[in-house]
Each structure stands twice: as structure tokens, then as C-alpha cells.
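Have a look at these structures, which come just after this line.
Here subunit A shows up in two complexes: once beside subunit B, once beside subunit C.
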Partner chain A sequence: MSPKTRIYLQPTPVRIWHWLNALGIITLCVTAVQIRFPEHVHMFANYKTAILLHNAAGLVVTFSFTLWFIYYALVSRNMFKVYVPSKDDLQYGILRQAKFYLLTYFLGWANPHHPTPENKFNPMQKSAYLAIMFLLVPLVSLTGLLLTNVSPMRDLVLLIGGLKILIAIHFLLACSLCAFLFTHVYLATLGKTPMAYIKPMWTGWEEEGAEEHPHKAS
Partner chain B sequence: MKSTMTILMVLVTQLGLASNLMASTATREDGSMFLVWMFLGMCALIVIIQLMPAMFLLFGLLKSLFTGNKSPVKVNASNKE
Partner chain C sequence: MRILSKIKQIGLLMSLLTLLPFMVAAMENSECMDCHGDADMVGKELTIEPLTFDNTAHAEVGCHACHASITDQHPDDGLAPSKAACNECHDEVNDEYGNSLHAGYADCNDCHNPHQVRGPTAVSGQDMNLKCAICHERTEMLETHGEWLPQADLHISNLPCVTCHSASDEYVISLYIIKRQSGTMFGKFDLATYDELHEFSGGKPIERLVDTNADGYISLAELRMFNLDPAKKQLRLQGMMTPERLSHDFMTLDNRWDCSFCHASGPGAMQVSYLSLAQGDGAFKRIAVEKGAVLDALYGTPDFYMVGSTRSKALNYVGLVILAGGMVMPIGHGTLRFLTRKNRKNEEE
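Now for the complex of A and B:
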């Protein structure tokens, strides 16, 4: 029996960012339900509690996003390589990966993408994370910060179209982020075992062959 | 006697109102910040747990640095009993 080879895929700053983000976004979604529908949802003691918790979670997500940006832009300096899809990814990679998720996974085929520290994400992940990390999260954080304290940036709020428009933008962006969360968790369970992709995100180490199909004939 | 009773009545009424005020203040301060602190505590726990392997590694490095690198003792053929 050959010894299992492991690769160090997720460095400590990325793991801290990921789990702070996970806890923060789940807390944001749960508190947002009470803030949006206070007359129907009573998960927390009162409205003020939901607002305070929502603000705290928002600040944690913004802080962890800053940590993520500093790490990739200044420390590892491979943000472009990790997050931006290549020409080949856009031409063939996305279709190949979509075919795997929609068809060949169910036929027992292996994942066509094999992660390495320099090429962690498959073409579909790259495209999705590019939109999420460079558009969705910054915009939802910015609109959230504006809503936390309106008066200092009153002119900017008016420029956007007023408080109602700002709330609508924040709500729609947050809904998109929440929708991604379900897809993210589902796709994270498609490894060799349901925890094969989740464990490396906690420990940093991925065993080779984690992307193999769970029902592959040995 | 009548004036004493009046003073007592006023005092009792005031105490009643004050207890209401205290009760309402306590309710307001109760749960709001507790959940926020619990959330921030969980965040701190995530950071600490994730930093633990790096801390152990650093501790091991410092330990080996201060205790000195002990190379295995070579046994000479002449020292054999």
C-alpha cells in the first residue's frame, strides 16, 4: 500500500478568512431575516439585538475580506493567477467543468480539475469567485457600511438615489450572496467523501485524490 | 399623623415608579450585547484554533534554539565495555 500524499493547499490566513467569513455570513443572513420581516420573525429577543448582531457580523466580514485582500495582494502575490480565469478556462474549462457537475459526476467520472496551490480553483469556481470577491462582497460591505451610519456619507447616499434605493441594492446583493452559499456548500460535498473538500479548508492539507468520485470502482 | 401618612404614600409611589424604571433598564441591557459578545468570542475562537499549529511550530523552534541542537552520542569502539 502506497503512503498517502498530501498537499498544503490552504494557508493559515486564507483559512482564518474563510471561517470568519462563513460564521459572519450565516449570522448576517439569520439576523437579516428578522430585520427585513420584524413583524413575522422573532428569532432574537428584540429588533435592537438583531441590528447589533447584524452590524457586528458585517464588520467582521469586512475585516476578514480586508485580511484576504492583503494576503493575496501583498503576501502571496498570486491573486491574479488564482482568481482570474485564463483564456483556456473561458474557452473550454468552464464547459468541461459544467459538464462534470451536470452530467458526468452522476455517471461516476472523476473531477477533471486537480487542485494545486497555484491553481486551486476549477474554471467555474474561478469565474464565480471573481464575481463574488471583487464585486459582490465589496459592494454589499460598502452599502452595509453606508446603512450602519447614514449621516457622515449623506451626500453619497443621496447620489445613489436615497435610503430606499440603498436598502434595495443591499438586500438584492445579500440575496445573491445567500444563494451562492447554498451552491457552495452543495459543491463542497462532491469530493471522494462528503468531508474531502471541507477538511482541507479547516486543516490546510488536502489528500491527493480528494477529487475522485465517491462511487469510483477500485 | 396625616402628614406622615402622606409622605409615606408619596415615598411608596416613588419607589414603585423607580423599580419600574430599573426593571426596564435591565431588560434593555440584557440580551442585546450578550449575543454580540458571544459572536465575537466565536470569531476569536476560530482565529485561536487556526493559529494553534503555527504557534506550536514557533514554540518548537524557539525551544530547539534555546536548548541547543543535541546531536546523537557516538559510541567509540574503544569505549566499549
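Now for the complex of A and C:
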């Protein structure tokens, strides 16, 4: 057995952001259920607790998003490269990756994508994360901030069309985020072993070959 | 034939007789109002706004009933006329209020002008709050309530104090038309006055601003039309949860600490709403709104939302579909993954 090579895939700020974000978003989803359906759901002792927890988690997500943004935009300065799919990704990459997930994965073939720090996401991840990080998370955070400050920001709320429109946007985007979460967590277990992708997100280091399937290597 | 018309005549006479006390009251009222309805005659302090007074329940009682000691020589006699105490006629409310802690802080007349009385459904929530604001200053209330109430400013602006500080067995959503202060882009919204509404309705009865087909009922379609009409951009609907009756104990009700009294009552409790419009005499008139209008997903009441209780069912279903979409990969892919696990067998070693 040859010594495994390891690559440093997830820098510390990204990992801090990610797990703060995950904790925040899961808290948001859980509290949100009680906030929307209070007469049916009684997870937290009272309604106010659910609201305050939701507001706090929203601030955590907004704060960690800022951290993420600052890191990629100002420190590592490779946001564009990491997150925006290239022309090649759009033309061939996405199809290739989809074919892997939907067909060749089941046949036991290797993942066509090999992550490097500069190109750590496969084309499908890139597109999904682009939508999540540049659209969903900012918009949910922004609508959430408005919803926690309705009176002082009434004019902005009216500009959007009113409180109810704001709620509708917040609710539907949040559902999308939650739907992403299901898919995301599932796909995160799709490595060689279920933890093979999750561990690097925690430690930063990826064992070379985590995404590969062995009969090619052996 | 003759008998019939006789009966008719008697009927007319009888109905006139039953109306007599009111007609007398009205006649006497107008006698007093010759002077007291005119600020030039008696000065501002002693003026009673005729339009306002004439449509109160007290107009039927009449000036004399409450100022019984008044003489024919008034005002030249120099005597101060008597002023009836409220408990002479309102013993029930008087007892209730008398037993409350608040009776030590304020009299009936601190909150009521006997010449401008209205029931709780004939005033706006904002007007009710003006009564309390005489003694309980808004900024102070924002501060004390903000200690425990999330978004206290939103609550204090959109709820009558009595919704939390007085018991009622029924609450409804009252919609008021508010208007942006003229000529400004981001100016404050204030309750639209009768005159302002009249300007917008272009001479038609102001109800027609929303009730376009004039059937005395506001359908969801009419509500949406009003909210989307660009010509009425300066006007908006403000919703308030208002009591249908109120108890006069003005205390802190225990369950009003608990947000769920309002927010977890469920959409079932939010079915009844009214549009409440300022009239020329200062009272508010209500027009029934289609059942469940405030639960409409978007344009029924675009700026009224009570978290938890006015959620839209349609949006719930859209949300569910989105979430189900998120489960396609875990469930669909997961199943195939399990079935084909042998193909990837040696990787687990």
C-alpha cells in the first residue's frame, strides 16, 4: 500500500464559516417550523423562545456569511475561480458530472472530478454553490434582517411590496435552502466512505483518492 | 279601504309617538347648540362640535338629561349647570371599572368626552390609543414594553393597547386606510381623514375607493384591486387586531405575556375582518370584508401579516413541493445506491 498523499483543501476560515453556517441554518429550519405552525408544533417551551432563537441563528448565519465573503473576496482572492463555472464546465462538465451521479456511480466507476485547492468543486457543485452563496443565503439573510426590524425599515419593506410579500420571499427561499440542505448532506456522504468528504470539511485535509473508486486504483 | 287607511294613520301616529322623546331631545339639543355649536358665541372651551355630537348615542339622551339643573335663564343666571355622573346610567361599566386598580388612576372623563362617545367598533385603534397616550407616553411605553416584547415598536403601532389590557370575547382584524404625508417619497403614513379620502374618491362616496361595485361588501378581488392600483400608491391598508367589546378593567392580562395568545390562535381565528373608514362626523364605519381575506397569499393585505397566524395555505403547499424536491436525491439516489452497493463493494475495505 503506497503512502497516501493529502491535500489541504479547506482553509480554516472556510471551515469555521461552514460549521457556524450549518449550525445556524439547522437551528433556523427547526425554529422556523414552530414559528410558522405554532398551534401544531411545540418544540420550544414558548413561542418567544423560538422567535429569539431564530433571530439569533439568523444573525449567526449573516455574520458567518460575511466571514466567508471577506475570506474569498479579500484574503484568498479566488472566489471567482472557485465558485463560477467555466465555459468548459457549462458545456461538458455538468453533463459529465450528472452522468456520474445518475449512472456511472451506480456501476462503481470513478468520480470524473479530482479536487485541487483551486478547483475543489465539481461543475455541479460550482453551479449549486454559486446559487446558494450568491443568491439564496444573502436574500434569506436580508429579508430576515428586514423582518426583525419591520418598524424602523418600513419604507424598505414597502418598496418590496409589503410585509406579506417579504414573508413570502423569505419563506420560499428558506424552503429552497432547506431543500438544498437535504441534497447537500446526502451528496456529502457519497465519497469512498460516508465520512470521506465530511472529514476534510472538518480537518481541512483530504486524503487523495477519497472521491475515487478503488477498482481503478488497484 | 277606509279602515286600512285609518290603521295606517294610527300606525304613523304611534311611530311618531315612540320617536317623540328623541325628537324632543333633538329639538332641545339644537336649542343649546345655537350657542354651544358655535365657537364665536361661547368660545372654544365650551364648544360642542355639532356634527360629532349628533351621531353619538348621547345625542338621543339629550343635553337636558345630563345637565338637568339648567334653567331657562341660562346663561344669564350665572349658575353652573349640573353635570350627570356616568354611573347614573352606566352602572355595569361603572362597577367593573370601579373594582379595577386603574380606577385609582383615571376617571371616566379622562378617557371619554361625554359629547363624543363611541363604541369600540366605531372608533379606530389609533383613536383608542390616543386616550391612553394622554397619560402613558408612547416613548415610555416603547421602552417598558421593549424589555420583554420583541419588536415593541411594531406592536405598539399596530395594536390598540386595549387588545392586551382589556378582555374581550372576540377579536377581529380591522383594516384602516393610511396615507403617506403628501408630497413626500418616504414620509410617514397617517390615518387618512375623511376629507383626504374624499379627495381620492373624486366626489364619489369614499367606500367606493375599495368597494368598487358599491354592494356594501368587500370581496378579495376588490381588496386586491385596491392594493395594486397605482393611482392609490399613497394609500395603504393598515391592519390591527381589535376587540369587539371591551372590559373596563385595564389590567395586565396574564396570557398577553404569552405571544401565542395572538400568534398561535391559528388561521381559523383570523377569518373575520372589516374595512373601517373615517366618516364626516369623526366616527368610523365598518364594511365587512370577505372571509379569510387577511390569509390571502400576497395581495389581499400585502402589508399586514401576523407571524404564525395569518400564514397562507397556498404558500405552505409550494414550500412543501420545494422541500419534497430536496428529498429526491436522498431518497431516490439513496435507494439505487443501496441496491447497487455490490458494484462498489471493494472500496469499503
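Simple rule for what comes next: the second predicted complex is superposed on the first by the 213 of 218 C-alpha atoms of A that agree within 3 Å, B and C clash if a C-alpha of one lies under 4 Å from a C-alpha of the other, contacts with A are read in each partner's own complex, and residues count from 1 in each chain.
As a working rule, a contact is a pair of C-beta atoms (placed from the backbone, for glycine too) under 8 Å apart; a residue touches a chain by one contact, two chains touch by 3 or more.
On a predicted model such as this, the values are computed, not experimentally measured, just so you know.
Enquirer: Record, for the superposition on subunit A, whether partners subunit B and subunit C clash or fit.
Expert: Overlaying the two complexes on subunit A (C-alpha atoms) leaves subunit C and subunit B fitting together cleanly.
Enquirer: Report the partner of subunit A that touches more of its residues: subunit B or subunit C.
Expert: Tallying touched residues of subunit A, the top partner is C.
Enquirer: Given the touch rule stated above, what does A:46 touch, subunit B (first), subunit C (second), both, or neither?
Expert: A:46 contacts both subunit B and subunit C.
Enquirer: Quick check for you: in the superposed arrangement, does A:183 touch first (subunit B), second (subunit C), both or neither?
Expert: So A:183 only meets subunit C here.
Enquirer: May I ask you to decide whether A:91 touches subunit B, subunit C, both, or neither, giving the answer as first, second, both or neither?
Expert: Neither: A:91 stays clear of subunit B and subunit C.
Enquirer: Between the centres of subunit B and subunit C, viewed from subunit A's Cα centre, what angle do you get? Round it to the nearest 10 degrees, please.
Expert: 80
Enquirer: Between subunit B (first) and subunit C (second), which, if any, makes contact with A:168: first, second, both or neither?
Expert: In the superposition, A:168 contacts subunit C only.
Enquirer: Once the structures are superposed on A, label A:107 by its partner contacts, choosing first (subunit B), second (subunit C), both or neither.
Expert: Once the two structures are laid over each other on A, A:107 reaches subunit C alone.
Enquirer: Please indicate which partner A:19 is in contact with in the superposed arrangement: first for subunit B, second for subunit C, both, or neither.
Expert: Once the two structures are laid over each other on A, A:19 reaches subunit B alone.
Enquirer: How many Å separate the nearest C-alpha atoms of subunit B and subunit C in the overlaid structures?
Expert: Closest C-alpha pair between subunit B and subunit C: 8 Å.
Enquirer: Would you please give the residues of subunit A that touch subunit B in one complex and also touch subunit C in the other complex?
Expert: In subunit A, positions 46, 48, 52 sit in both the subunit B and subunit C interfaces.
Enquirer: Show me the residue ranges of subunit A that touch subunit B in the complex, using the header's touch definition.
Expert: 12, 15-16, 19-20, 23-24, 27, 44-46, 48-49, 52-53, 56-57, 60, 204
Enquirer: For the complex, which residues does subunit C have touching subunit A?
Expert: Per the stated touch rule, the residues are 150-151, 153-154, 157, 186, 236, 258-260, 263-266, 297-298, 300-305, 307-309, 311-312, 315-316, 318-319, 322-323, 325-330, 333-334, 336-337, 340, 343-344, 346-349.
Enquirer: With touch defined as at the start, can you tell me which subunit A residues reach subunit C in the complex?
Expert: Where subunit A meets subunit C, its residues are 35-39, 46-48, 51-52, 55, 101-102, 105-108, 148-152, 155, 157-158, 161-165, 167-168, 171-172, 175-176, 178-183, 185-187, 190, 192-193, 213-215, 218.
Enquirer: Taking the complex as given, what residues does subunit B use to touch subunit A?
Expert: Residue list for subunit B touching subunit A: 28, 30-33, 35-36, 39-40, 42-43, 46-47, 50-51, 53-54.
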